[in-house]
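The chains carry the letters A, B, C, D, E and F, assigned in the order they are written, with residues numbered from 1 in each.
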Amino acid sequence: EFVARPVGICSMMRLPVQASPEGLDAAFVGVPLDIGTSNRPGARFGPRRIREESVLLRTANPSTGAVPFQFLRVADLGDVNVNLYNLQDSCRLIRAAYQKIVAAGCVPLTLGGDHTITYPILQAIAEKHGPVGLVHVDAHMDTADKALGEKLCHGTPFRRCVDEGLLDCKRVVQIGIRGSSTTLDTYRYSRSQGFRVVLAEDCWLKSLVPLMGEVRQQMGGRPIYISFDIDGLDPAYAPGTGTPEIAGLTPSQALEIIRGCQGLNVVGCDLVEVSPPYDPSGNTALVAANLLFEMLCVLPKVTVV
Amino acid sequence: EFVARPVGICSMMRLPVQASPEGLDAAFVGVPLDIGTSNRPGARFGPRRIREESVLLRTANPSTGAVPFQFLRVADLGDVNVNLYNLQDSCRLIRAAYQKIVAAGCVPLTLGGDHTITYPILQAIAEKHGPVGLVHVDAHMDTADKALGEKLCHGTPFRRCVDEGLLDCKRVVQIGIRGSSTTLDTYRYSRSQGFRVVLAEDCWLKSLVPLMGEVRQQMGGRPIYISFDIDGLDPAYAPGTGTPEIAGLTPSQALEIIRGCQGLNVVGCDLVEVSPPYDPSGNTALVAANLLFEMLCVLPKVTVV
Amino acid sequence: EFVARPVGICSMMRLPVQASPEGLDAAFVGVPLDIGTSNRPGARFGPRRIREESVLLRTANPSTGAVPFQFLRVADLGDVNVNLYNLQDSCRLIRAAYQKIVAAGCVPLTLGGDHTITYPILQAIAEKHGPVGLVHVDAHMDTADKALGEKLCHGTPFRRCVDEGLLDCKRVVQIGIRGSSTTLDTYRYSRSQGFRVVLAEDCWLKSLVPLMGEVRQQMGGRPIYISFDIDGLDPAYAPGTGTPEIAGLTPSQALEIIRGCQGLNVVGCDLVEVSPPYDPSGNTALVAANLLFEMLCVLPKVTVV
Amino acid sequence: EFVARPVGICSMMRLPVQASPEGLDAAFVGVPLDIGTSNRPGARFGPRRIREESVLLRTANPSTGAVPFQFLRVADLGDVNVNLYNLQDSCRLIRAAYQKIVAAGCVPLTLGGDHTITYPILQAIAEKHGPVGLVHVDAHMDTADKALGEKLCHGTPFRRCVDEGLLDCKRVVQIGIRGSSTTLDTYRYSRSQGFRVVLAEDCWLKSLVPLMGEVRQQMGGRPIYISFDIDGLDPAYAPGTGTPEIAGLTPSQALEIIRGCQGLNVVGCDLVEVSPPYDPSGNTALVAANLLFEMLCVLPKVTVV
Amino acid sequence: EFVARPVGICSMMRLPVQASPEGLDAAFVGVPLDIGTSNRPGARFGPRRIREESVLLRTANPSTGAVPFQFLRVADLGDVNVNLYNLQDSCRLIRAAYQKIVAAGCVPLTLGGDHTITYPILQAIAEKHGPVGLVHVDAHMDTADKALGEKLCHGTPFRRCVDEGLLDCKRVVQIGIRGSSTTLDTYRYSRSQGFRVVLAEDCWLKSLVPLMGEVRQQMGGRPIYISFDIDGLDPAYAPGTGTPEIAGLTPSQALEIIRGCQGLNVVGCDLVEVSPPYDPSGNTALVAANLLFEMLCVLPKVTVV
Amino acid sequence: EFVARPVGICSMMRLPVQASPEGLDAAFVGVPLDIGTSNRPGARFGPRRIREESVLLRTANPSTGAVPFQFLRVADLGDVNVNLYNLQDSCRLIRAAYQKIVAAGCVPLTLGGDHTITYPILQAIAEKHGPVGLVHVDAHMDTADKALGEKLCHGTPFRRCVDEGLLDCKRVVQIGIRGSSTTLDTYRYSRSQGFRVVLAEDCWLKSLVPLMGEVRQQMGGRPIYISFDIDGLDPAYAPGTGTPEIAGLTPSQALEIIRGCQGLNVVGCDLVEVSPPYDPSGNTALVAANLLFEMLCVLPKVTVV
């Protein structure tokens, strides 16, 4: 029986809400944290709004042939309880929550939250899987050492990950990078670690299917993580975010990137930096909900017919 | 343990969500219907947004001394599944859903939805309790016989209720009535039925505590229903509604009305006509969430300490 | 036959639109000008949005017993064509348009536009009726001599009117005045002309019925004009305006003022300074539409039953 | 003489408003209905807002060389009066209204309204012209058999049209289709009818001029209808709509599609699903107004110089 | 020479911006911090938006007779640089900044920022003046011991102040308190410290002039601090705030409270919790700007003529 | 030391604010005028909002290799004081202000303001440099002779410039032109003067790098001016503007245009027509801030490393 779209408690894609990851192949998890944000806050309401807009999603993906719920047991695990007044403690809470999820063999698909959260998530992921490859879509590299004197914030997660050996640096690609910076030598760190940095301007007016062919080669069969900062998209498509940069990627390129991960050993995904107060239409959250669904569709167990 | 406000799936007041009313003293129920709306639609998203803003509510009411959850088993029953393309069928679905709730001895507190829904709700209520008294707060009397040729819409619910004998007409009070009308003899129907009509202009700059003393007298110990159309309030306090009328009630008067029902035999309540697209701040829904909590606080089983 | 509210080309109250005032007792006229605005512009869209929201109005006024369309031939004359790049030329165009309206014996009810427009309107009015009494509701006195070196703007209309002898200064009352000013001696000019200045703070928490009794005495039977700047209201009720001032009048006080003009010899009215871009809900325009309808209801030919 | 843009009652392109289609070659008609909407309502205000934003349009189309008002007698016929509480009755009213328009030899250009309305419009069209070809731009195929148990809603119009033989199925093209669906075999119905389905992803980064060359071939000289659901566009360009899908068409592609219909035997057009509450800027309505003007420019009688 | 309102870099009331408090009697200071916020963030942009809207302010206060700039050297000291990722460090930075201001004999008038900031400000104030009296307007008492396990947040500042002996507890009044709470015994802490708690419901429909007469008595001639949380006002007047509570104070009551402090030994003031993203109109910030100006007008050196 | 983004008085890019252009190589200047606007006003707040959003900018441009502050002494000169009630007087004030700036050898980068302002700016520029080349990005040619009977408005600046010999007409390129017009022969004037007109439709889906190669050839080494009307972009990227036209340029094309001016003798630049009330997100102003920074990066003295 069909249910009218405005009807019902808003879980992600109307999935059952449960507290335990046991028995799940994959799960949506919210991390409503935004105190790592440098400019416009509001990402704490990202998970709530993404769940709301996800009512527009249906269960099959005719573009890719994926019908994920035929292959995966999936639920919405609700939100990690965060400490809104203490970023370090929040990171500790997130790590602990994800350790449990990962230990259960459940692949987490995270609804952020600002990008800080990817650091404790990857701590938990790497603890299980070892250093992972990374497909990172973002306007920013997020590899600063510190900001405002702090080691933890949404500009530093991947620096922390490198510091702690959570990434397999030869299998890291950052796509959509752009914008002004404090130095011309802005990509030095990323490149010195061996990351592949794909500038937004190298994506303008192009299909990213060829790029993703190369990325699949690079990633091979070992575990990878997908981290998608919604500000990787042009602000026209995703105005509801905290640190927008002009001249970004398009939603079709976003789909090409995620669909291009089909066949890879994806062990976790996140979609971060949706700040609903800056987009009352809800459309930024709708983009996010769609991209999370596409991530679900490329999980390894999903056989495409 | 405390939970940060942005955390978690949004049920009303973070109550457990369950499908069955069995064992409950009272329950919040959403009815996301707005196809009975004559002007601005959007009330279909009222339940969703009221639940969201209800995260600001805490469990005790220091103003009245009520601690409702000490006396009542309460849950969120989710939403009634409505037929968004057929108002008659929706009314049938609503009536059926409330029959089950009422049969279980559970007092429904409804998150609307446009005011049409009060008609099928009162069908179910009266089926169990017989004709009920009514405390109806609204800018409009909602007693038209027809609108656009139709018997069912948000301007007619109380006419239908009278037609079907669902109301104990000597125990009906309508508070906050105002605005232009199609005829000068606008109150004739209500008054001919024996309703007490309290105009908004008779409330300006006044406490409604004395009025409610009279209302309590009038209602006596028999069952009553509270139906609160958010447009009873001035649009300054509740801009997110479909048919606003200027110079309405204040939130303090709304509190006086609901708190003034303490001690009455309240068998059901609703809060209708919140249209979130017309108030992106969420504050209209916040008023609604508060008023629903206040309704919970005056249910008969709640002993005030 | 009834028409659904969203249906139809938006004229004021769905009245017929016509170009000529001949044969009309009264008419709504738009003046979509805002280049006399000192702060937030947007009042050029006031007439459009007021017409839109006026679809919520019905034809009878049960509060006052007025059924204006039984006594008056009324139409919507559309908008005066203004010169958006030249304030002086616009004033000339407005004056000419109103001369024709007034010459036809038609009482104009104006949808503004910023308050500059009242000056050329009163030129036309006084040309016919001689110096008029004035009921002026506003946060500001609008009696500056110049602003930014200019004689014409929304801060000067009543100074220009006095300069040209358009007002019967002993019959001028300004209600709702408040806010910071450039000098402590702010009311000197108004008072030196014999205006009665009623401060907003003398209205707080009070019915204005007694005041209006005095005003009716003062105005007597000679012609008066009602000029209502929507910023006379508190910004909570009318956020969509260009120079809001806190702690203003309420809509119920606005109704008391206009209804208090019943019985006076009203020869023209305006409602100015609605700036729709600052209130996407449309509710400021809705207040304006209601107040314009109330003005219509107190025109001399409307006999109250 | 020029008129300032904010000046005047808002008819489409400032055209004369008249009730009768007699003597007209083409007419704009509003259908302010949205009770066929599955998700976000608001399209009932589409016609009003499209008319407002159409003040930015001028009369010549330098890109195509069309000066439509030199060849066509055009008016704004106002809105069809709909029954907002009864979708079936609304369809009956729409059909009847369009029968009169079509009978007068007037080509209707419709301002929607949700997509349900295309069904009764095509009933009237086909009654006169026989089964028509269709250029249908949309994110969705709108060929469901039922939704929520109902035969009529914005997801079913073209199924109803096929059921009733209103379409010449070999001359139907659907452009812009995308998004998740309830089944992988989502295009089966359309394709089994012989429709050409052009997926959005086959349009990414491409000019649609070649496609339209093929479409013109396919359509030949017999009557065709253009139905443009604004959600065919990417939500970045048209955020104000009810069921947005990411990664859609661009406005330049929309222009290529409509301009590509030049020379065809266009007997009717609509632009549907503009929901103004979800785009306070008015820009979605502005896109719609432009596309309607472009449709006017490709009507058969418009000779291009 | 006058300057048009939209002209110029936005400092508070167009005052000169300077880094040093030396030689100033009073100064406006921004503290753009919001990571102590429990619900909706955004107060980090409060100072910026308050400065913007302050362009509507003029220099004299005709209601009170104050012309503050005749008596006081005032500047805008800009913003305290805060650590957006670390609340404790931010408190340290704020304290240090205010120590310098206070040491210079300059009275700080603070543009918040969330209410956490009052704690480090009062540390600096009390260091110079000893324990101070407090006029605290708020919907909340902000005297929790901890929230989410943390000692520092916007719900705890006055608890911390009591813990450290910064307040003269017999001279503390909290006005506007309301809303649901976690316990019925909600006022126990405040009252056990000797605070006077004035509930919002004891203010409904009343002038607060009598209350302030009592407060002046209570405060005597020793130093006091005014802390005004904008959520003390009803959300109708101040929608742009993070934790709104219904049925609050009015702007006229706010003026009565501040003006009622005339003659007291005011050594500092703040206006906190303006969250601009939740009020795009800017009117919440406008209220705040006005209240800050009124605070300036009651500083001890301002002689009223 | 780093400063948090929300911290501080908003000057352009946090540059020092100073009144005098002496000693500067370049300066940002605001011109908050919008009374030359034909449709939606609000550009008077463009400079304020662009400054606000410019806090997201950092000092280096890794895409082009420019580090402008290493080569240029730059400040924010604040706003030109305009006469909001008199367009001619405003033009006089602007011209006078720019004469001083230009006389000091300082290159002005203007934050508009509607496009009218380019006329008096070019008067000052040409007085110093003689007739200049022009790179003009816009949806409109802005070469009307008159509008509403006036010579001065945002539709006429370049006609006035030609009339006065301020442009070197053989070195004028207009890019992004599109939309309906009052005549088919719309480009006649521009072309008859020798302007190169590049239609938006000739830019669709194309890199503009080749075009800019030709433009550089055409411009040669003599002085040029860059005038960028934000409505040159598609409204998806810049919704906050007054006369949007669909199917416009993309931000990446905007970057290609400005970066393509590298090496030219740029003597002044402006970015006009940002109307903040129509984009509460601030993103239109963010685009503008970025484009202004890019203009700074192509000034002649900036050597690219």
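One rule holds for everything that comes next: a contact is a pair of C-beta atoms (placed from the backbone, for glycine too) under 8 Å apart; a residue touches a chain by one contact, two chains touch by 3 or more.
Quick caveat: nothing in here was measured; it's all calculated off a predicted structure.
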So, comparing C-alpha centroids, which chain is the farthest one from chain D?
E
To test your reading of the model: what rotation angle superimposes chain D on chain F by C-alpha positions, in degrees to the nearest 5?
120
Could you state the distance in Å from the CA-based centre of chain A to that of chain C?
55
Between chain E and chain B, distance of the C-alpha-averaged centres to the nearest whole Å:
37
Could you grab the centroid distance between chain B and chain D? Build each centroid from C-alpha atoms only and quote it in angstrom.
40
Going through chain B residue by residue, note those that touch at least 2 other chains and give them in order.
4, 6, 38, 44-45, 83-84, 147-149, 205, 234, 236, 278
I'd like to see which chains touch which, written out pair by pair.
A-B, A-D, A-E, A-F, B-C, B-D, B-E, C-D, C-E, C-F, D-F, E-F
Going by the contact rule set out above, which residues of chain E touch chain B in the complex?
38-39, 147-149, 178-184, 186-187, 199, 201, 204-205, 234-236, 239-240, 243-247, 278-279
What residues on chain C touch chain D, complex-wise?
1, 3-4, 6-11, 17, 30, 32, 44-45, 47-48, 51-52, 76, 78-84, 280
Over in the complex, which chain E residues touch chain C? Could you list them?
2, 4-6, 55-63, 65, 67, 205-207, 234, 236-237, 250-252, 254-255, 281-283, 286-287, 290, 293, 305
In the complex of these two chains, what residues of chain E are touching chain A?
34-38, 40-42, 44-45, 83-87, 89, 147-150, 152-153, 277-278
